[in-house]
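A short worksheet on the structure shown next.
For reference, chains read A, B, C, D, E and F in written order, and residue numbers begin at 1 within each chain.
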């Protein structure tokens, strides 16, 4: 078994005077300082663009490239005719550890499709981005590749996505009118899987 | 009457110059740290579409602090709590009065010393002001009725007292050499050339004192590596209970003190407004060349030289601040009493001996 | 020592204390009575044959709901329920919970000198849920025992400072007991509006 | 009794039984699709292949009679390979429907694939298209693609209901299940074909897409639809009622009880649970205005002693509650229930008496009295009605007259109706699935109903309300739950002597006169 | 005259809004996983200082925005509430990560199901933990909200501060 | 209190935390001070108790994995690995070699990020803010790798019972080389800024000292124990996965103080990088590396549609391709690297989309009450977490949900020894000592 005792030298006299180490520290920070300063100036002059002056991505203007596997906000894939590919099998709702997906399934007029989501809501305020829903979808209907990073909201309600926003990632609340080509419950506030009879009784029926 | 006006004018110039420099200093600090750390730093605040590399952020900070609610802790001492930051800022500002930032300016037959208050004992005055500044900190710590603030205040006191001594003793060597307490005279004395080549700056004749001075003075400013009274991650700071502009004043004091120390370092050890080989009538290079300049140019070059030196020290302190970790309290004390103090004393003794020896020979 | 040897060694040393043992999946496990717990632990720590210098883990299991989970609706079309069997057949099945007692304390010991591990289980009934504390042998047992008290309500004799550790003092009940509902909240702060 | 060995265990099987029955008797499960214990043996799915020693080929367990000294292996490699091959063959044309199929989660194709299938898929051909999602009756939806032609449904309609709607048409891979032309599957037991279908070919239209089966929780109970008292399992979901119009109960499924209903139940009972989640009385009402339990009980208890009380009990109540009514209102006029017109009936399961506990009420000594008449005559001035809608039974005018004449009119029931709105106090009661208790069916069998889920919102079980009332009118009864009430009842009533809930168990206990 | 005065005050209000927007001193109430992304947001690759929000103040008195970063348990809730009460007006609250937004998937006996049950929240940044981009978006939204509150003049009335919060 | 000099002094109670800047995590340390010297310490934890163990009993076996991510959220991949290996031990299955290597690589990356965070944060608390930023910068490069492999920066949920989700992507090795190179650069700079700097050495050296015997009696493991000189490392002493095939050193300290812990962590990062490089060299080829073009790629949507109408012949032997929404995701799905055990791991997407057997298997593994159903039993499985031995003790009652999951959190033991470490030091030493504990709230309080 290879055990390596970490080297622990006592400080030399010079090092004990603080100064050499301060100077070598200053050397490193100054190196960064002057290199970056010069590069910043050069960039202003339009030179040396291939060298980065800072590692910062100036986010809203200069997005950081996302990895292809990165799990960003969900979207529902859409068939050519504008209906969701989702058939409401509810596997994602089942597997979701955060219970943030709510699906209400209905009878599709085409017996070959049979079933479709009347409601499909995701509460982003609960979602933990584990990607299980994508993994278990047997229809390639839900994906987390929208690349949308703009999810902050002013209220809880705003974090709930309904089928409009999921099918059309570009869409943002408030959704003005519903123009989906299939009958569905258009609850712009989204839903939640956990409910109770109290909720029904309190006038939501 | 005109003298008074001129003095007032000078005072205003210094006052505004220093305050703006302090404001700018926050911007420099942010930008400099950003550049050291491969970042960009504040750059978003814009006025009418101009961003100017984020120069408006300090302005935003100031406006915001002025409009922020002022909280005095329920159990704190209201009067002292309010007095403390004012104390701090006042004394930090007052010290600048004695800093000469240029040679005398001849204007319409008047001789204007570019120094707000021409004092014979300017050095003592400055140290007095700096020492009084600590009362602000102590009061803040005391008035807040908060353990952390109290600890911060106590630490500040101890630290200030310890380092003031080293600071004072370090300067004594300088005083011995230049034989004056008047800063303007001290600067002028640094205009001489040693062997015709090397300017007789403080750093040349008193290198040890310089290191002691810079270290002790940094400790006075309570900045990393000596920021124990406000060590954020340890005890948050003596101003933990301050909000709004009162906190802003402490913040400002910090920067004022840094500038003060930079001014002192430049004045005492780097020839103040002196430009090497520049005499009132122009350059006289040791290799024989000479180059005449007008009086105005001479004075302005002096002011510029002083400003540059101050800025350099500001930069250096900043660079140090972003390079070093923080001391521990007892280590700091040890460094002060067992490191700097003996060295400073030794320096005085050696200087005195050398001077005596030199004097004896002369 | 292999798991079987370890078990044998413990059994040999404490023939009366050990009420069961197994080496399921290679984890040496002995189940002992609670009275001689401290003595067994001391032997495990100090005896040159064991030299268990680490008390790696100390926890408890509430076996009161073992195998009694309410089933999901499952309708069997043939009238005979076809339950999904355990996924993978187990050649050497586990002998089952250590005892009919409600709780079992589980100690994991490890010897960094001899590189062997042993698990010791001590069944405890709910009524007399009290055991000897191991803090005298391992100071690290202090917090672990506090956690067991907090989560399961099992007390330890001779522990000087047995108070809640993860939950707050105002909390009543012991959350890891199987009869504590997972989302029964006892908030310290009520909602603002 | 031939003795045979299955998987190394010696079993004595009755004469004429088959291997699958013998194995089942010993607790060994053999996969099956077409075999159903309640139906004749068809032997056409071939999934129950077992290896019988001294037999060169695998045998189907469902149609191989037991013989003395037979040695059967159900788990040998050969048997498993055979079953695997059969499964692969059955799946060849099975559509990729799990996402949309309501059966997934209780589908025997899925179960068997994971139990012993586990082979690597090889099928790479075109699948045969057939008709999907055809409504073949009021309750049943047919999907021909998913059908594996086990013919259980055909045999069910032929043998049990004797209506014979189903047939299998065409041959080979074109073979498909269908109804005979011009027929619809519309008999009183039609939904049983959904239960016996091992795959998702026949699905329930009411339940369709309301929930996935793996969301459902289950509780055993007894149907309250008629005096037969079929054993059922209640399948319910409690956290999605806001999505399903308040529905908690998703479906009822028959529970096997050889002495009552075997594997079957009627459609009327199966789909007759809507009232439990719809139109419920959820709040205490005082003259139609929302009130609270405390007020109601206090008001009733304070006025009761001065009044002549009539009680209309109900055979929908459990034995325990009827017993409490008898105890608490011992000085009142009590009737067991109001006579109702007999409903439909047949000679199989459906009884004309639509109350589950008529016999229980009779055994507790409840007689029939015309209390409504008494009330109209002014012989009583307080009336307590349990569950009955008087408007439906006597007409609106009578109800109006009653409510104007009575000084106290209490209605305790589950649903809103004219009686509840005209009563002085309407008390929301728990439905039978929300409480514990026992029913005695028409054959004298006492059976337990269990609390599947807690009472809805403000409603309370009748026994709880009766105990509360008893305390308030100074006739306290020291019972805490139905089990204790039942023990009290068993101590006083000779018919229930020495009986308790454990003895009744899941399958009931036959009591005789 | 009046109109002019109104114009002036609204200009001043706007300027104050501008200043507050670009000078956000945060109090990072960091408890859990989200703290890692909070660090990442503050550090070189994202540099929250660009928005003028780079100066974390660990004293609630000096902070403008309370960043609640990470799960809040019932044990922690009173402390959080006290910190909030100690902050000087004007103050804003950002809930960072799903645990603070709604409780996330820790729906159990220990956790508070969203800090908005114990204090008002201005911006919710969901995500578990939110990627720094989410956070910067949230910050921009907060800035927009601050500006909007000043242009429209709607600032929620400050709650009375409990006296015992020293 | 009389301090000997005849002066009457009073002890001061200083309450550090729970919302204290240095308590990055949340913990309350009530210190009793004599001047600035700590005379007594009471540590209160539990402010981040989130009920991990209770939640694990309510979800299925794979559902626990997102919760394990959030235990030690600085090195989630090690937690993933430990939990999955524990369940695999319970199930009695093994995973492919390549899976082992992938797990080792990602967990070592996690270890480096953990140490970077720990060292960086404690440097920051000592005022060396720049070092912290440099280290976080390096961590970003490593997180890019993690994101590339797992799809998330921090809460990865990458391992599954029986394998890992998704092979290493193309270009991983090159990217990894770059990230390690950047990390090495940062480490060199940090060494220059800190290691021989007297201010730093004075702060770290001789503070928070603990002896090996004490450490062991508290159950302390990991770098903290190794700094005392006891060379216990689960990777060496109870080798799991393929650690016994990879050559690396176990750094140990001599004095058990903060400085030793700093050095040990710095050295462990070097060793981890070595392990990663060795593992990348030795890793057996996988589906992506051998032949990225296995099968004709067709869009997943088309595959689903064909499958739905039974047109299996059209989609036999193809590879499903996702929509090219994000850059690069027009490529075939990366297959999971998993044990060939249908009762544990989801089938490949091609099987799910393309044939009924795969679809049924897929459903059976997801549905409540079906899922992964290990036999009844109990196992304990330790791995070397970034803070020490991270053990998972799992009891199964044969259902699809764990009956009990217990995690042995390494920093729980260290935290319980905190009074021992602090008493006698100055209050300012609390900061580096606490920093070197690397307390992770999620792991400590669970």
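Please note the rule applied: a contact is a pair of C-beta atoms (placed from the backbone, for glycine too) under 8 Å apart; a residue touches a chain by one contact, two chains touch by 3 or more.
No experiment lies behind these values; they were computed from the predicted model shown.
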| item | value |
| --- | --- |
| Interchain contact steps from chain A to chain C (minimum; 1 if touching) | 2 |
| Shared chain contacts [chain D and chain F, defined touch] | A, C |
| Contact-richer chain pair [B-F vs B-E] | B-E |
| Centroid spacing, where centroids are CA-atom means, of chain C and chain E in whole angstrom | 44 |
| Between chain C and chain F, centroid-to-centroid distance (C-alpha), Å | 25 |
| Rounded Å distance between chain E and chain F, as computed from the means of their C-alpha atoms | 30 |
| Inter-chain centre distance, chain A versus chain E - centres from mean C-alpha coordinates, in Å | 21 |
| Per-residue overlap in chain D, given as positions that touch at least 2 other chains | 98-99, 114, 212, 214-215 |
| Touching two or more other chains - residue numbers and ranges from chain F | 20-21, 46, 49, 51, 54-55, 66-67, 69, 130, 133, 137, 140, 155, 193, 197, 199, 308-309, 343, 353, 359, 362-364, 367-370, 445 |
| Per-residue overlap in chain C, given as positions that touch at least 2 other chains | 71-72, 74, 84-85, 166-168, 175, 180, 182 |
| In contact (per the touch rule at the top): chain pairs | A-B, A-D, A-E, A-F, B-E, B-F, C-D, C-E, C-F, D-F, E-F |
| Chain D-touching residues of chain F, taken from the complex the two chains share | 307-313, 316-317, 342-343, 351, 353-364, 367-370 |
| Contact footprint of chain E on chain C as seen in their complex | 166-168, 175, 180-189, 191-192 |
| For the chain D and chain F complex, residues of the former touching the latter | 88, 91, 93-96, 98-99, 104-105, 107, 109-110, 113-114, 117-121, 123-129, 145, 212, 214-215 |
| Touch list for chain C against partner chain D, complex | 70-80, 82, 84-85 |
| Chain F partner contacts - residues on chain A that touch it in the complex | 1-8, 11, 15-18, 21-22, 24-25, 27-29, 55, 65-72, 77, 85, 91, 94-95, 97, 112-113, 128-132, 135-136, 138-140, 143-147 |
